[in-house]
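The data blocks that follow each hold one structure.
Shared between the two complexes below is chain A, which has chain B as its partner in the first and chain C in the second.
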Partner chain A sequence: MGNKQTVFTHEQLEAYQDNPFRQRIAQVFSEDGDGHMTLDNFLDMFSVMSEMAPRDLKAYYAFKIYDFNEDDYICMWDLEQTVTKLTRGELSAEEVSLVCEKVLDEADGDHDGRLSLDDFQNMILRAPDFLSTFHIRI
Partner chain B sequence: MAADMARSLTFLLNVPETPEDQGPEPSPYDESEMHDSFHQLIQEQSLWAAEEGLELQQLGSGASGSDHQALLGPEGTLAHSSATLRILASMPSRTIGRSRGAIISQYYNRTVRLRRRTSRPQLGHLGRSARPSLRLYDLELDSTALEEEEKRVLLVKELQGLTVAQRDHMLRAMPLSLAEKRCLREETRTPRGRQGRRGLPSCCNRFRYACVLALHDLGLGLLSVLQVLTPWRYALKQIGGQFGSSVLSYFLFLKTLLAFNALLLLPLLAFIVGVQAAFPPPPLGPVPNFTGLELLTGAGRFTDTVMYYGYYSNATLNQLCAAPLDGGQCTPEASSLPYNMPLAYLFTVGVAFFVTCITLVYSMSHSFGESYRVGSTSGAHAITVFCSWDHKVTQKWASRLQHDNIRTRLKELLAEWRLRRAPSSVCGRMRQLAVLGLVWLLCLAVTLGSTVAVYTFSEFMIKSPESTEREGALLALPLVVCLLNLVAPYLYRGLAALEWHDSPVLEVYVAICRNLILKMVILGILCYHWLGRRVGAVKDQCWENFVGQELYRFLVMDFSFTLLDTLFGELVWRLISEKLRRGKPEFDIARNVLELIYGQTLTWLGVLFSPLLPALQIIKLVLLFYVKKMSLTANCQAPRRPWLASQMNTVFISLLCFPSFLGAAIFLCYAIWQVKPSSLCGPFRTLDTMYEAGKVWVRRLEKAGPRVSWLPWIHRNLVENTFPIYLVSALLLAMIYLNIQVVKGQRKVICLLKEQISNEGEDKIFLINKLRSVYERKEKSRIGRTHEDATSPAVLTDDRDT
Partner chain C sequence: MSRQLKGLGEEAGGAVRGSSRSGSPGTDDRSERRLSRKQAPKAEGAAGRRGALPGQKEQARGSPRAGSPRRKQVESRRHREELGVQERSTVERTREGRRKRNGRTSLKEQRTPPKKEKEVSKKETQKQRKKHRLPSLASSTSGGESLSEEELAKILEQVEEKKKLITTMRNKPWPMAKKLTELREAQEFVEKYEGALGKGKGKRLYAYRMQMTKKWIKFKRDFDNFKNQCIPWEMKIKDIESHFGSSVASYFIFLRWMYGVNLVLFGLIFGLVIIPEVLMGMPYGSIPRKTVPRAEEEKAMDFSVLWDFEGYMKYSALFYGYYNDQRTIGWLRYRLPMAYFMVGISVFGYSLMIVIRSMASNTQGSTSDGESDNFTFSFKMFTSWDYLIGNSETADNKYASITTSFKESIVDEQESSKEENIHLTRFLRVLANFLIICCLCGSGYLIYFVVKRSQEFSKMQNVSWYERNEVEIVMSLLGMFCPPLFETIAALENYHPRIGLKWQLGRIFALFLGNLYTFLLALMDDVHLKLSNEETIKNITHWTLFNYYNSSGWNESVPRPPLHPADVPRGSCWETAVGIEFMRLTVSDMLVTYITILLGDFLRACFVRFMNYCWCWDLEAGFPSYAEFDISGNVLGLIFNQGMIWMGSFYAPGLVGVNVLRLLTSMYFQCWAVMSSNVPHERVFKASRSNNFYMGLLLLVLFLSLLPVAYTIMSLPPSFDCGPFSGKNRMYDVIQETVENDFPTFLGKVFAFLANPGLIIPAILLMFLAIYYLNSVSKSLSRANAQLRKKIQALREVEKSHKSVKGRATARDSEDTAKDSSKNATQLQLTKAGTMPHSASQIQTLDMKAPGPGTSSSTSRTALPTSRHLLVSRPPSNRPDSGQARPQTHAGRSASRKSTQRPSH
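Up next, the complex of A and B:
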């Protein structure tokens, strides 16, 4: 954001909001889970998305963000939602389910068909880019 | 059937009697343990056809054997009963992520484990934990469960036992809100009251504690101030927001190089340049006029200045002699501080290089440790889905580009997978290898051609007499080298279009490899030309000055060519591609980073002969930052290829360390140990080699007396003697071999653990199935009993009537 402006037009704000997970991020960090954040929640969000947050903390919140139905597991449906949001719906349904299957093959350690928090954290350990992408510069 | 069950079950399954099993009534159990949405899920269970997240899907056929048990899917019979769901809801792997009490308990355990790191904590002493399996209690029936507040008090007590750094680390990793973490930190700060010990010891302890805390706070404050003061914070944020992490990595690398140059420049300024500028030697001759050409050639007006080696005196500065010189040594006056210039020159350059080496190796190993994992198999799909969205990107058009890139990447991964499944023909592989070999041969031929061209041109420059007279002709060799460095990468890119690789990342590595070989070979030829041929050719002049000036010219020419390349390569290309409607040119990260590494190598090569060269490099890097940023914003777009930023960072830092810095260090060592310095100029003009200045000093120390005899002893036995070096090398090799064996062992352990996790997963599925069948039977028997109860009162009343 520019440091010379203090009031933004609606178009300018729209131009800054194309993160496909913005609703989920708001839901995860808000207290009552409906997307309305207090100042403390806002600070929490930036604290977790900052450079100094440790990897495990980021992985924990990333897991919660990708868990769309909030049942503490990333199941097939959650994965399909994630892939659809990432590609803006431009992959065919067959390709989406193929990708989700391969993700489960690679990351599911206990072969129960979904990713638990431990599976997710193990997978994040193998991805050194995670720290630089799950990061908002202030 | 119940008897069978009792025989087969060897554990006591404490199944709670739940009078109400369905419906929207609130559960009698501890509701705060369950999230509201999950409770709603139980209600909607019966309505939804596709169970979300609560059913375990059947595994793909033939994936891992036929004895995998799976729960019945939606096409099977009824889903879990609510009692099963309730038990599933309180599974440890679920509750830990959910309730604050569970998080606090988990971190309490971690803190306890951290404190008693030497001994493994016994299971019986783990106390209250969120895991029912460890507490041997059923979570729902445990009426004596600690309140959250008591758990918190325990956690605070444990945190107080840690050191300040460990405590901060533990607090930082806790997934609680900031307000709670602040409260915890405040509570742990109050020092523990020491029971029974009054008076001075506790006062001292409190004072020490307060000092430690104050220092820690000061450190944190300085860290935050430093973060605010880092240069270009807003610019980097803009670049990251518009182009993503990959392009940002180039600018971060530029910033790193700036830091390295500043680290190199400071000791040189303090100990060599500043001192010599304060005590200027008598001028050698008339000072030539300043023409504009000096900025390009570095000669002329700049020759006899602090910029070059030849200006520095070979005597001891600031030494005012007390007694008149009578042919013997000069005894220094009491108030003067003699400064041995040759020694200072040698030591400062040596120490600056040593510090740079340590910093480089440390950052390389740190970066390598971040990006390499033992026993990690490739999880390209999972990593692309979960870790590839860059949250830094803020502009709409930039995130649209990211969407496109991720989609392309996923399609490519799927295509690769399909291709790998299809058997590749031997003919196809042979053809691919043949094309690969051919292209490599052609690239090596181009490299060889460039090398031969540079060599013949440099020989021509030595032999032709007018090269030393006309200043403009001095620019010919740098011009030729820069032209070759500019043209050859485009040739490589053209040749690379002929071949195809299995993975796009490999293409990037191969391109980097070829460019690197070209640059290093050309630099090698130039080093031979300077230290081997020029020294002999420039007999009655200052060859070190000449080499310093050559490197100055190379740096300046490299900078001008980079500017030209940015102008034509990016601006003109964009105009052309706009006409052709092809889209903006991509920012070629690998080529730009290699150019940065090349410039830094030139700086390191020239430090010995021109101590102010790092300053020039700093100016060049600062200008380059703004030029590249402007050109990027105006002309380019982010690269389409997936760019593993952190792996690439490791590669760049390693390239900076190994061919670049190592080559410069070898050049420096050769120049110091083997080459005779010129007898007309510089701090080493009377010596055989530059290293002799150190030897002379050590000999003087020996004569000085027994008080400093340890230094000559060290020099004689550790530096000049070769045996300790062999011993240290042998020890290092042994350590490396041991580390490799340890890593192999760890890999085996990781395989075993993965198998164990898989087996535990199977156990879990088996147990859930069994649980469900137990509940089903109980349901059936209960329904059977209610039927009997419904019919039996009629019988009873009949009985009572009669």
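Up next, the complex of A and C:
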């Protein structure tokens, strides 16, 4: 952040190729959800991902990122997507479904079989290292 | 009129307050409206000030007769404004002043109309408001007073609100464009009116402070990064952890910790004993104990001799025997024997302290995060990816580690939910323990038998190589074959791998302990033998020296040159012998470990990997396969090695240096070996959060290694011709000597008094009582803690059930109001979340929510209609306002005309 850099080098752009949720991030922050960002959208993204951003804001956007089908709920399908992306499909199908069930079991406050924003925030606010991992440094 | 205005202002203010928090799109014009209204008094102040200067000038130039009283008033008013004093002394004065101010501003505006047309248009509304108020002020004197104060308070409040908005701007999930406009507006507002309230002075300071806090945060972050980078081998260990799981990594973390402890011990011993001796002590060859004896001189430099730590190695500062018994050495008058003794004690003291402290901190860490157990999988899923990762290799590691950690949790989960035949498991466990106890007893008897036999062999002449080394061979064979045997037996027990590891560790610990103590007993026998021979050697030395100096046949006139130190007969120096034993053991242990890794892991891996192409069965999946990392064996090897170091360091100060080298090399070597030739365990399991089990074993070994050293120091006489304590009856006499010679006499008396058993026994009793008391206190506290946790859990359950009811209700509600766009809904949810307090006050919220579950749901339900109402009702509420504004402007204009005319008269 301290160094004044106006042009991204190729390596720096390459650096973010590894994030499993890169497409989701682009979609969430782009205006029309197609992953193409204007300057304002780009700034939005970095203001959310910055270290200074508060927990609630981060939690809100994290929810949007993990909500793959954009129905304002994290359902079973979203969870499966997340697990597969996180493990690059190394877990077997039973393991994935076990993990998803456990997540729903833990975090689903109203027992409707999906995570609402409320549930998600309730869970994520207790996470010890959410703030330290959910930010991007430039 | 004024009352109406006030009421409207209040309503608008409330609305703005509500809407600005909810973040509805209606905020802009609403706040603008409020802004214009609020501008009135403020503009008065601002305009008044602006007007004051030209007014004064004009007075000074044009109308001297009206000068003095008016100027005084103007000045006093300005003074008051600048100081931020809001109270008016008298109503009359205020009114007068206000009127005059108005007059002056209008005058100024009259004079400069063509210049600032923009400003005029902006100010017109303000002026109008101002003018409008005049009649109301005139009508009621007291009313004017309250109004101005109230307005000022309102402005203050509003400015505060805007400031808050600026600071909390980043909390709002608005798009950037909206944020920018809002921010600019708010900043403009604050800039404009803060000055009027006399708060503008602090702006610079504030900006400076903000900048400094930013810098400070950045510095702290950089410093943290730096600190993290300073932790040695962090990346290596992370790498291993990501591929092999936390249990294998825990061994390496333990190894690193051990390295740190050994570095401190190394610094202690080298800095206070070895370096002073090398720098200031008598040089090599000056006295018999520092010289290789004549008989060994020819072979003393051979590598095979040096390798056994004989020859020159034996007569060096690495071992006890080299040190002289001079009370002080060098020009510093450094008391080396005293330092030697104190360092020997402080090595144990420091080790005990550091082990116990790290155990205590581990337990503290494990109790604090009890709540995170509730969300194991959720946290893993949603917070495990580190968005900072920008390196593809790191990313690969992260993927691997996430997968491993998921697998670890799955194993734990399956373990907890497993249903099985309890009777069968119990039977199998009892059987397994029985078998293992049989193994341990057998190995113990075998060692005992072998040691007995070796004592017989040692009496006999010309025994074969095998017979000489039988004990060592049997012991290493036992150490090689028993652990796998134990592991095979432990498979019967069907424990969770984490618990299984602990059992395995405990069993191998018992085995190793047996080995260690047989070794020690054999060593003790040796020491006693040497001690019994000491008296005769002492006599021989005396006689040799006596004969040498008094023998006839030498010219009496010339004094005889002193006997060369190499020729002086000397004792066996059992301390050095013990030190050499430990040194050898450490080195051979290190070599055996490395060779085992090289052969057992690396060559096996190479064989499996490359012969798999031309073999008749699948080597990788079938019989030899790759080796798994042997956690229990490695941990115990490390612990027992450390025990050797503790025991030996008193008699071989150089041992710690050797151990530091060993740990350093084994860190790199084992890291490489694990990554290159081992495979992860079949069931990757999570290490227990605190590695207190390792620490407990280490503490036990420390205690056990303290015993023989304490025994030798307290009850064996030191050798008469080597070491820093030679010539004394016991080693600890050095303390007594120092107290008597170097301290004032009354201190000696104090020490003698303290050493009195009449004082020591009560002190020990007191300590026991204190331990008992603290123990009971901690027990009761932990009980209270558990109860509180239970309560929180129960509250959470209650909240959950309430939420489920509420959730269904709101779902129905939202279906009813499905016309609202989804955007609106998310915003609402967000506001609800925004009001939700942070985790620090979770318990409080739980407490608050539990008694009145209806409150939260009712707010959520009422929030929806109110906001909709606001959205809808904005246009009509705008209209009456503008309608009112029009007559006001008319009235204001006429008033202004009147007031402008007045001063010209």
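Going forward, the second predicted complex is superposed on the first by the 122 of 138 C-alpha atoms of A that agree within 3 Å, B and C clash if a C-alpha of one lies under 4 Å from a C-alpha of the other, contacts with A are read in each partner's own complex, and residues count from 1 in each chain.
Simple rule for what comes next: contacts are C-beta pairs under 8 Å (C-beta built on N, C-alpha and C of every residue); 3 or more make two chains touch, one makes a residue touch a chain.
Because the structure is predicted, anything quoted here is derived from the model rather than measured.
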>> Contacts for A:Val83 in the overlay, against chain B (first) and chain C (second): which applies, first, second, both or neither?
In response: both
>> Output check: A:Tyr60 vs chain B and chain C. Expected answer is one of first, second, both, neither. What do you get?
In response: both
> If you stack the two complexes on chain A, which partner ends up touching A:Met123: first (chain B), second (chain C), both, or neither?
Replying inline: both
>> Applying the document's definition of touch, where does A:Tyr73 land relative to chain B and chain C: first, second, both, or neither?
In response: first
> After lining up the shared chain so the two structures overlap, which partner does A:Arg114 touch, if you call chain B first and chain C second: first, second, both or neither?
Replying inline: first
>> Using the superposition on chain A as set up above, list the residues of chain A that contact both chain B and chain C.
In response: 1, 14-21, 40-41, 43-44, 47, 49, 52-54, 56-57, 60-62, 66, 72, 79, 82-83, 86-88, 90-91, 95, 98-99, 102-103, 106-107, 109-112, 116-118, 120, 123-130, 133-137
>> Could you list, by residue number, the parts of chain A that touch chain C in their complex?
In response: 1-2, 12, 14-21, 31, 40-41, 43-44, 47, 49-57, 59-62, 66, 72, 79, 82-83, 86-88, 90-91, 95, 98-99, 102-103, 106-107, 109-112, 116-118, 120-121, 123-130, 133-137
> In their complex, what parts of chain B are in touch with chain A?
Replying inline: 35-38, 41, 50, 52-54, 56-60, 63-64, 68, 70, 93-94, 96-98, 169, 172-175, 177-179, 234, 236-237, 240-241, 245, 370-371, 373, 376-383, 385-396, 399-400, 403, 406-407, 410-411, 413-414, 417, 644-647, 754, 757-758, 760-762, 764-765
> Along chain A, where are the residues that touch chain B in the complex?
Replying inline: 1, 3, 14-21, 33, 40-41, 43-44, 47, 49, 52-54, 56-57, 60-64, 66, 69-73, 75-79, 82-83, 86-88, 90-91, 95, 98-99, 101-103, 105-107, 109-114, 116-118, 120, 123-138
>> Please output the residues of chain C touching chain A within their complex, sorted ascending.
In response: 170-173, 175-177, 179, 217-218, 221, 369, 371-372, 374-392, 394-395, 399, 402-403, 406-407, 409-410, 413, 799-800, 803-804, 806-808, 811, 822, 825-826, 829-830, 832-834, 836, 838-839, 842
